[in-house]
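To keep things clear, I will list the structure first and then write my remarks on it.
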Amino acid sequence: MALTRDQIAMRVAQEFKDGDYVNLGIGIPTLAANYVPEDISVMLQSENGLLGMGRYPTEEEVDADMINAGKETVTAITGASIFNSAESFAMIRGGHVDFTVLGAFEVDVSGNIASWMIPGKLVKGMGGAMDLVAGAKNIIVTMTHTDKHGNSKLLPACTLPLTGVNCITRIITDLAVLSVEDGAFVLQEKAPGVSVDEIKEKTAGKLIVPDNVAEMSF
Amino acid sequence: MALTRDQIAMRVAQEFKDGDYVNLGIGIPTLAANYVPEDISVMLQSENGLLGMGRYPTEEEVDADMINAGKETVTAITGASIFNSAESFAMIRGGHVDFTVLGAFEVDVSGNIASWMIPGKLVKGMGGAMDLVAGAKNIIVTMTHTDKHGNSKLLPACTLPLTGVNCITRIITDLAVLSVEDGAFVLQEKAPGVSVDEIKEKTAGKLIVPDNVAEMSF
Amino acid sequence: MAGFNKVVDTYEEALAGLTDSMTVIAGGFGLCGIPEGLIAHIKTMGVKDLTVVSNNCGVDGFGLGLLLEDKQISKMVSSYVGENALFEKQLLNGELEVELTPQGTLAEKMRAGGAGIPAFYTATGYGTPVGEGKEVKEFNGRPYILEHAITGDFAIVKAWKADKLGNCVFRHTAQNFNPMAATAGKITVVEVEEIVEPGTLSPSEIHTPGIYVNRIIKGEFEKRIERRVVTKEAV
Amino acid sequence: MAGFNKVVDTYEEALAGLTDSMTVIAGGFGLCGIPEGLIAHIKTMGVKDLTVVSNNCGVDGFGLGLLLEDKQISKMVSSYVGENALFEKQLLNGELEVELTPQGTLAEKMRAGGAGIPAFYTATGYGTPVGEGKEVKEFNGRPYILEHAITGDFAIVKAWKADKLGNCVFRHTAQNFNPMAATAGKITVVEVEEIVEPGTLSPSEIHTPGIYVNRIIKGEFEKRIERRVVTKEAV
């Protein structure tokens, strides 16, 4: 069965190692913060200038001067640091953030990602996404395997305007965990109860299926 | 009569306006801080990362962590700010420092300056001088008009390796104040008791002498 | 230190010299850390055809959104816009031009503008619409694009505290683009919550040294919150 | 937060992995703000053929000058050198190479290295020996040269206080090149006067966020003064 949003987030959280600095995009990526294993710690970077983002505030703690990159009110953990936007993106662009997790409209076998613009629709902008995909050491894309019409979002080549080229190495969808290697998607894990055939059918780009494909465990 | 070092410094200090941010090089430039007119204030920038450099410390105030660009112990004035070297040179390179005053071996009619390297002698380095001449809005060169052998230091073209090109607009020597305009030195003021003929004789580069040349007043 | 006293008493003085067709760089991220009073006064002044460089363009009726009401902005340089209906309408009408710039590139362009660096290379945007028409150069086998610095005729900045010499500190994440904006204006105007005596701020904790600041005005701030999210559980 | 505890107890751990022919970026200006114990331990380790990037090279018998005694440095990238006789001797002998770099360009090259900017344009050094062989490009009618970023295998940094997460503050002008050096090392080691509890340092006053720091060691500092100048008059 396809994973729920929370299950995708749970699987994402399994990627983290103790001591990782992580930037989580809006949506499913943000949920991953709820599922970090108890025996490890990660520190969340918010690209508006906060390293050590904490939970949402209580009513009493709400402070207009303390927001995250999604413009939501947040808190800072003990040991957080706060800095300007140039410093924040120096950190990102310079490869100091260990993981970036973000959503996408499309990814392709060359590791390209399209996540910010659909021609014909009003374009709101890329925000920090292009900087994040250009800078993070490891990028994990989280998304549903297909769009709402059933079309694959894992393509031979992205059709939408790109956010970044040759930068995606790992994709976690509602059906599978895949890596991007040498011009192909490589199936690493499948969701519980999902068949390899279904994944094959819903992956438009070249897919390599190893002999043994593990099932995700939570 | 040729000015003393302190008189050159006094004349330099007359250039400052109330509210100027000023970077003073080692030697005569530093002396200028002693002669800032009482009715104005200037703020001294030291390129190692101090805006609002104060006087030398008392024995009790000496602090190894508080030095100036000449590596001398200093103090900071009330209202000073301290920052890293990238920020300090952002300030300089970005043209935020109003005046830089520095010494030179040679200047020429194109506004070039040579101040850091004499071939055949051990080269210690340019420190911040190249950044300062590339960045400050107004640069004042202070030096003796001739070297110790009597050779002019105001040349048609510098002979020593350059510190910066096309950047010097004002020169204050022991004999005169000169501007650099359209490929010539223009005599602006002469030192008390110094003749225009002496200045002409000791200026190797093209010199324009206006009809009336004021005498410096202190 | 009369020559270093940058405090002005009125918004008229704070924005004197701002005229049609100028470029204004504004600090702030969303509605956080925006110079509310300065923006409101630009509306009152009625200057037109402005190019505004700011990560966002406010919301309907607040922040930079105010300047859309009388069509004072002809071009926005931003990373994310369209949180307001008026913006969308003027964009679709062709009354407003938008130059979308990645957030980190935008911050770095402002810093470069203030730091006398006319251009720099970045991997951000290579191979995307942002990279189109820009110079590409490889370093260590990876392609980068050349991005140019931004400077403004005016920079409008919101700080928490400043002394009269212009030394500023910012509060929490209201820092954001403000320090870079402050370096990149020919005239930099800072609207602050509190003016403090020189020496109150420790020299090493100052975020924006006074050398970058031309005018300071004390403002009153509504500090509207864009997305109020509170924890549902007991903490 | 075990994974974020960067404190190590010995200089051996602090510099583990440093081997011959590596590039080491060192903070400090003159003898101010230098990681004294880390430098001394590099001497003890005996690693050779180092490229050292630092504004200066210490003095005879102190600071980076220590590494000249056993000829551990093969190349210095600095803006001002030769405050020590040994340096001069090795330079004239051809045992030591020096790449002289303007002070501001050096600081910016370190920052660029840490910030993922492979190269930037600056007017500094154009038309001088520093500009020779470098790409020139005009912006607004003025020529600029292209300067490349610097990164190091190790960065050695001296801070005043740090918490175990690596958040650092620097004291007075001992800040200098240290924050930039901290960003530009593959492994960044910070030697500090005092290790404080997380939360002791206010988030907005932190000069170097912990993300840049890999290892922290508490040191003892002599803090030698290069030019002690005191006022002669009563104050």
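Think of it as A, B, C and D in the order they're written, each chain with its own count starting at 1.
Everything that follows uses one rule, which is that contacts are C-beta pairs under 8 Å (C-beta built on N, C-alpha and C of every residue); 3 or more make two chains touch, one makes a residue touch a chain.
Bear in mind that the values here come from a model prediction, so they are computed numbers and not experimental data.
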| item | value |
| --- | --- |
| Shared interface partners, meaning chains that touch chain B and chain D | C |
| Euclidean distance of C-alpha centroids - chain A vs chain C, Å | 29 |
| Distance between chain centroids, defined by C-alpha means - chain C, chain D (Å) | 32 |
| Where chain A and chain D are represented by their mean Cα positions, the distance between them in whole Å | 35 |
| Gap in Å, rounded to a whole number, between the CA centres of chain B and chain A | 55 |
| Multi-partner residues of chain B (each touching 2 or more other chains) | 76, 82-83, 89-90, 92-93, 134-135 |
| In chain D, residues with contacts to at least two other chains | 108, 111, 115-117, 122-123, 170-172, 175, 203-204, 207 |
| Contacting chain pairs - touch in the sense defined above | A-C, A-D, B-C, B-D, C-D |
| Complex interface listing, chain D residues touching chain A | 1-4, 111, 113-117, 163, 165, 167, 183, 198-199, 203-204, 206, 209-212 |
| Parts of chain D lying in touch with chain B, wherever the complex brings them together | 29-33, 55, 78-83, 88, 91-92, 98, 100, 102-108, 110-111, 122-130, 160, 170-180, 207, 223-231, 235 |
| Chain D-facing residues of chain C, complex | 108, 112, 115-123, 137, 139-140, 142, 144, 148, 169-172, 175, 202-205, 207 |
| Of all residues in chain A, those that touch chain C in their complex | 46-50, 55-59, 62-68, 70-74, 76, 82-86, 88-90, 92-93, 112, 117, 122-131, 134-135, 161-166 |
| Touching residues (chain side chain B, partner chain C) in the complex | 17-21, 40-43, 45, 51-52, 76, 78-83, 87, 89-97, 134-135 |
